[in-house]
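You will see two complexes here that share chain A, one where it goes with chain B and one where it goes with chain C.
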Partner chain A sequence: MAKMDLTPMLKPRSVAIIGASRDPGKVGHVILQNYLNAGYSGRIYAVNKNATEVMGIKCYESVLKIKDTIDLAVIAIPAKFVPETLEECGKARVKTTIVVSGGFAEIGNVDLQEQLKSIADKYNMPTLGPNCLGVMDPRSRIDTLFLPTYKLSRPQVGGVSFLCQSGAVGSTVLDLIAGEGFGLSKFISYGNAAQVDEVDLLNFLADDPDTKVIIMYIEGIKRGRAFIETARRVTRKKPVIVLKGGRTSAGQAAAHSHTAALAGSYEDHEAVFRQFGFTIAEDISDMLNYAKIFNSEPFPKGNRVGIITNGGGIGVLASDEIGMSGTLKLAEISDKSKTTLRRNLPPLVNIRNPLDLAGDAGSQRYEEALSVFNSDDSIDSILAICLFQTPGADSSVAAKLINFKEKSEKPLIVLSIGADYTRMHKIMMESSGLPVYDSPYAAVHSLSQLLKYAEYRKNAPN
Partner chain B sequence: MAKMDLTPMLKPRSVAIIGASRDPGKVGHVILQNYLNAGYSGRIYAVNKNATEVMGIKCYESVLKIKDTIDLAVIAIPAKFVPETLEECGKARVKTTIVVSGGFAEIGNVDLQEQLKSIADKYNMPTLGPNCLGVMDPRSRIDTLFLPTYKLSRPQVGGVSFLCQSGAVGSTVLDLIAGEGFGLSKFISYGNAAQVDEVDLLNFLADDPDTKVIIMYIEGIKRGRAFIETARRVTRKKPVIVLKGGRTSAGQAAAHSHTAALAGSYEDHEAVFRQFGFTIAEDISDMLNYAKIFNSEPFPKGNRVGIITNGGGIGVLASDEIGMSGTLKLAEISDKSKTTLRRNLPPLVNIRNPLDLAGDAGSQRYEEALSVFNSDDSIDSILAICLFQTPGADSSVAAKLINFKEKSEKPLIVLSIGADYTRMHKIMMESSGLPVYDSPYAAVHSLSQLLKYAEYRKNAPN
Partner chain C sequence: MDYFDGKRILDRYHIKSAESRYVASKDEAAEFASGGAIVLKLISSKALHKSKAGLVKLGLKGNQIPRAYSELLIKGASLKPYKIIAQKMSEPGIEIILGGKTDEQFGKMILIGLGGIYVEAFRDFAIRSVPITKYDATAMIDQLRSRDVITHQGKNRKMIENLLMSMSALLQANESITEVDLNPIVVHEGSYEAVDIRILKT
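Let's turn to the complex of A and B:
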């Protein structure tokens, strides 16, 4: 199959919800309700053989009865009825479908899943799933998730798209993304990948102008060669961060019973990921940490990091992480910069890197240090540690960092660790596009991944 | 010097604050205010040459003028005046002192620091610091921190004590501990360790009945042999989790300018830590994650973990972490347990480990799985994954886990990842003594550290 156009799935002008139910315990009920709540402005149709009306909307007996072009049909009915319904969608010239229902290859029903795939292929009708959560796009206000909003916060509009084979990983990470400043472009949960798979999805997102960064959780890759070709193409355009489930034999056995993924050895996967410029995440937190820096920061010109801090010990720990990163190193501050800093900072500040401004440092010392580090050519990126527990730090330091961010052409990231008062400032800074990290490891490793990808892009032919 | 009695420092019946100031910008002002706010019930004296009254309290010209036995003097005055003041404390038979002031070895004033140490030794007067935050003990309501409470939340009473060489690491971690369920026994920030050092402090905490777990951040160890003897003694009584600043040459250089620590190679330190049963943390988050499980869980009998989940993908990731841990493995569920589970769980649940109860699992399925896993001798510890985004999970599942915790004799930990709705349940469970983790890595590695320490304790002669 050639490159799939998934636009009707993600920007549909009309949606049919097949299995829309009056029973609040049913998946089809929650999906319809979320559509109505999300403020989707397209045309919505409910399909249910056993009802004439759901939540005030007329119910059609079959998608064939709808006298409108349907861009997307969301199918949430028992597995055994899916093939027949999918046939009807094909006959009705529905452009794309999402099969939310489980009960296919993941529990051994391989034939049923094959049937689903051949119907989708026959009608040339891109079909996502089965056994998936579907899609969310805050721009088009498409939201097929059958999870109520009080349980799962919905992210704001942004530049990060998230491909996820697992519904559980998908929903938890989505919930976490809702708390991050970077926002969501598209969420696509593709489950068993009977037809539409990671290759199709990556290809689509590679050319999606709203997607700046792609993060993905996968358990298995079905089309190895096609995946490699796609990987090569997409990572030359935008970063892809991948977390693989099934990296050990224990995890592989679990993955097989989960999405029926036939995982090859992780070493093979990892080698391919690295060769084609993927950024590898080891944990869910890595995915979000890396997405944050890729979303907002320019590429560093080199590996030399300047650290500004108002707490010595956290400066030590960040230096350790740089020493252990294998990629970054502490910058040597130029003599000219040293002279300026010595002149403008109080005598108790030891002029070295990390530059410890001391616990009583306020916005003035930060401004001085930031502007010297910014114009020093021997510093490629800046890690500003701001501990809001200290006597000198307050919102004016956060404001200074935000202000400075707007003029800086170097990567600038912030490390702030703490509870409520810190969290308030984290939100303040992140909503202004400044990535804020909560541990030396997270901050330094994210910067290290940005550098690695920058080097990949420099060396990769365009 | 023999074993120091630090009781007067941490449970003082009378405190003198030297440098108590009327100027809210001064350290001595914040310290006195925090004392008054914390509800400390002992006798408080303010000492300040230049005032007769501070915050409604009479001011003494010198500690020598106070006609009372002083258990603790907190000194917050410029460095150059410290020796003279310390002499006065000695003459006044003050039992212990804390020198909060900086300006000693960390900026090259080695002689001044030596002077301080010899005065403290001369009067046999345990002296903490200089260049430190001092101490906090929520039981005695001692709080010498010069950081306002709106910036730094104060932890509740609990079983974890925290020794910290760095003020910045100390205050940030303390702020994080305030958000954890385990609570604080004692916080001791000891800065340059001129006299009282990590050996004295570890010795004291080893015998402190309120301390169940010790966490520590250190940059250098001054008395190697004594440290080893103390380490051997303390880890046979209670767990010690250590994070070392200066693990790389970059970090060591930073540490030297911070607390004047002369760090040996980290490899040497690490070998000692491991040999004597310390638990090594690589990051601040590790310290808290490990403290949590050590504080509440019994030792596992072996390395076999049973996983219960309501989300397949997170079960896969947790299995991967177990596969990579080098210590733990997935338990083989016994045939008897399999039969019971097959009988009592719905047919869609695949009876294997991880046991995926599916997204619609509620408290009944959790109860069934927990009680079977608990009575199965082939399972040593239980990791319960509960994703509150799923349709079936709600507060009744959290209540079931809490309920079950009370009867279980195996380690039981929970993994829940997400935003507000999840956080609410995390607080609910943690306040009932159930450790909750927010990533597969954190959960599995914490369990792995508990097992390692359990094995150390089993093999160490008592």
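Let's turn to the complex of A and C:
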């Protein structure tokens, strides 16, 4: 199938919820409720054979009875009724559908899933799922998740899109994203991928102007060579961070050469990700840490990092991480910068990298250090450590960092470790687009991944 | 695939391998050695790991040759049909592995790593999908922890990059070749030779 247009699925002007129910325990009830809660501004229709009205909305007996063009039908009914309903959607010229229902290939009902795919293909009707959470787009305010908002917080509008094969990983990470400052462009949970698969979705997001960064969780890839072509294309435009589930392979046991024994299925996936410029996450926390820096920071021009700190030991730990990263190194502060710093900072500050401004450092010392580092051509990116437990650090330092962020053309990230007072400032800074990390490891690894991707973009052939 | 059919394919792609031939007697083996050191290997489809099974006799000279040949004949009794290969002994060098395989999703893949007895112990290798570009070849070498050892501090880098490009071309052009295992290839400064060749065809 050629490139699919998924716009009607993610920016629908009209939605039909098939299986909308009056019973609050039913999936179809929660979906409709969420649509109403999210303040979706398009036209919304409820379809249920056994009801005339749900939550004050008129119910249609079938999608065929709706006298409107339907951009998206969300199907939440028992699996065995899905093919017939999908057929009706096709006849009603519904543009796209999402089958939330489970009970297909994941429990062995392969034929039923095949039936679904062939109906979707016949009507040329992009169909997501089955066995998925569907989609969320805070811009168009669509939300097909059957998880109530009091249980799963909804992220704010942002530039990160999240593709997810698994519903469980999807809802967990989505909840975490809601707590991050960067915000969501699109969430797409595609489940069994009977028809629309990761290749279609990556292709769509590659061209989506609202998506700056893609994060994805996948277990298996269905069309390897098509995936390679898409991967190559998308990473020339925007970063993709991938977490792969199912990394151990039983196939390795059966291998009969050294090459095959080394290169199991996960190793091959990892090789393809690496070759075509994906950023590989080892864990959920990596996905979020990398997304944060990719979303807001420009590419560094090189590998030299300048560290500003108000605590010696944390500066040492961050320097160690830089030394071990294999990619980054500590910058040599230029002589000109050293002279300026010596003139403008108190004598107790030792002029070297990491630049330890001392525990009583307030916003003034930070400002001095930041502006010198920013104009020093021997420094490619800045790691500002701000420990809010110190006497000098308060909201004025956070404000200075935020203010500085606006003018800096180099990557600037913050490392702040601590509990409530620190968290408050982290939220302040992150909501202004400044990435804040809570460990030297997370901060330096994220910066290292940004550099690796920048180098891929610069050096990899088309 | 027969060892020498494999060797001929490597020749076509300018991938160098140690001078070898089948020998059918002690005398033929001694004649092939012509005073130098050789290796004798017994090849049988019933024995996949030749060295583990004691089917590779290294560094044979003079009267060690007929003795080793007789030992292989005894071991071979239960491994029929088999053949014995005599190969010129390589100078010691760094052993690497270069191979290819077919992934069910991504198709042909190429692999390079630290080879010989270190393959399993260090698992230091890099993989890419075929065909690779020059950029990929460089990145594969950079990915190895043993890159300085393998490239002799960079002096062999160009040679190994070319070797990767040749293997990629071989895998790409020969659809029926599903797996290649050159382990080890012995790398010296400025030269190399594959001393074991395994190629599988559909």
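By our rule, the second predicted complex is superposed on the first by the 444 of 462 C-alpha atoms of A that agree within 3 Å, B and C clash if a C-alpha of one lies under 4 Å from a C-alpha of the other, contacts with A are read in each partner's own complex, and residues count from 1 in each chain.
Just so we're on the same page, contacts are C-beta pairs under 8 Å (C-beta built on N, C-alpha and C of every residue); 3 or more make two chains touch, one makes a residue touch a chain.
In this text the structure is predicted, and so the values were computed from the model without any measurement.
Visitor: Please tell me which partner, chain B or chain C, touches more residues of chain A.
Guide: Tallying touched residues of chain A, the top partner is B.
Visitor: Applying the touch criterion given at the start, work out whether A:Gly183 contacts chain B, chain C, both or neither, answering first, second, both or neither.
Guide: So A:Gly183 meets neither chain B nor chain C here.
Visitor: First (chain B), second (chain C), both or neither: which does A:Ser319 touch?
Guide: A:Ser319 sits against chain B, while chain C stays out of touch.
Visitor: Return first, second, both or neither, reflecting whether A:Ser153 touches chain B, chain C, both chains, or no partner chain.
Guide: A:Ser153 sits against chain B, while chain C stays out of touch.
Visitor: Looking at the overlay, does A:Leu348 come into contact with chain B only (first), chain C only (second), both, or neither?
Guide: So A:Leu348 only meets chain B here.
Visitor: Let me test your reading of the model: by the given contact rule, A:Ser265 touches which partner, first (chain B), second (chain C), both or neither?
Guide: second
Visitor: Both chain B and chain C touch chain A; at which residues?
Guide: Correct list for chain A: 257-259.
Visitor: In their shared complex, at which residues does chain B touch chain A?
Guide: The contact residues of chain B facing chain A are 27, 30, 102-103, 106-107, 146-147, 150-153, 164-176, 178-179, 217, 219, 243, 245-251, 253-255, 257-259, 282-285, 309-317, 319-320, 322-324, 329-330, 348, 350, 352, 354, 356, 359, 387-391, 393, 417-422, 438-441.
Visitor: Which chain A residues qualify as touching chain C in the complex?
Guide: These residues of chain A touch chain C: 221-225, 227-228, 256-263, 265, 267-272, 274-275, 459-461.
Visitor: State the interface residues of chain C toward chain A in the complex, per the touch definition above.
Guide: Counting only chain C, the residues touching chain A are 48, 97, 99-101, 103-107, 109, 111, 113, 119-120, 123, 125-129, 132-136, 139, 143, 179-181, 183, 198, 200.
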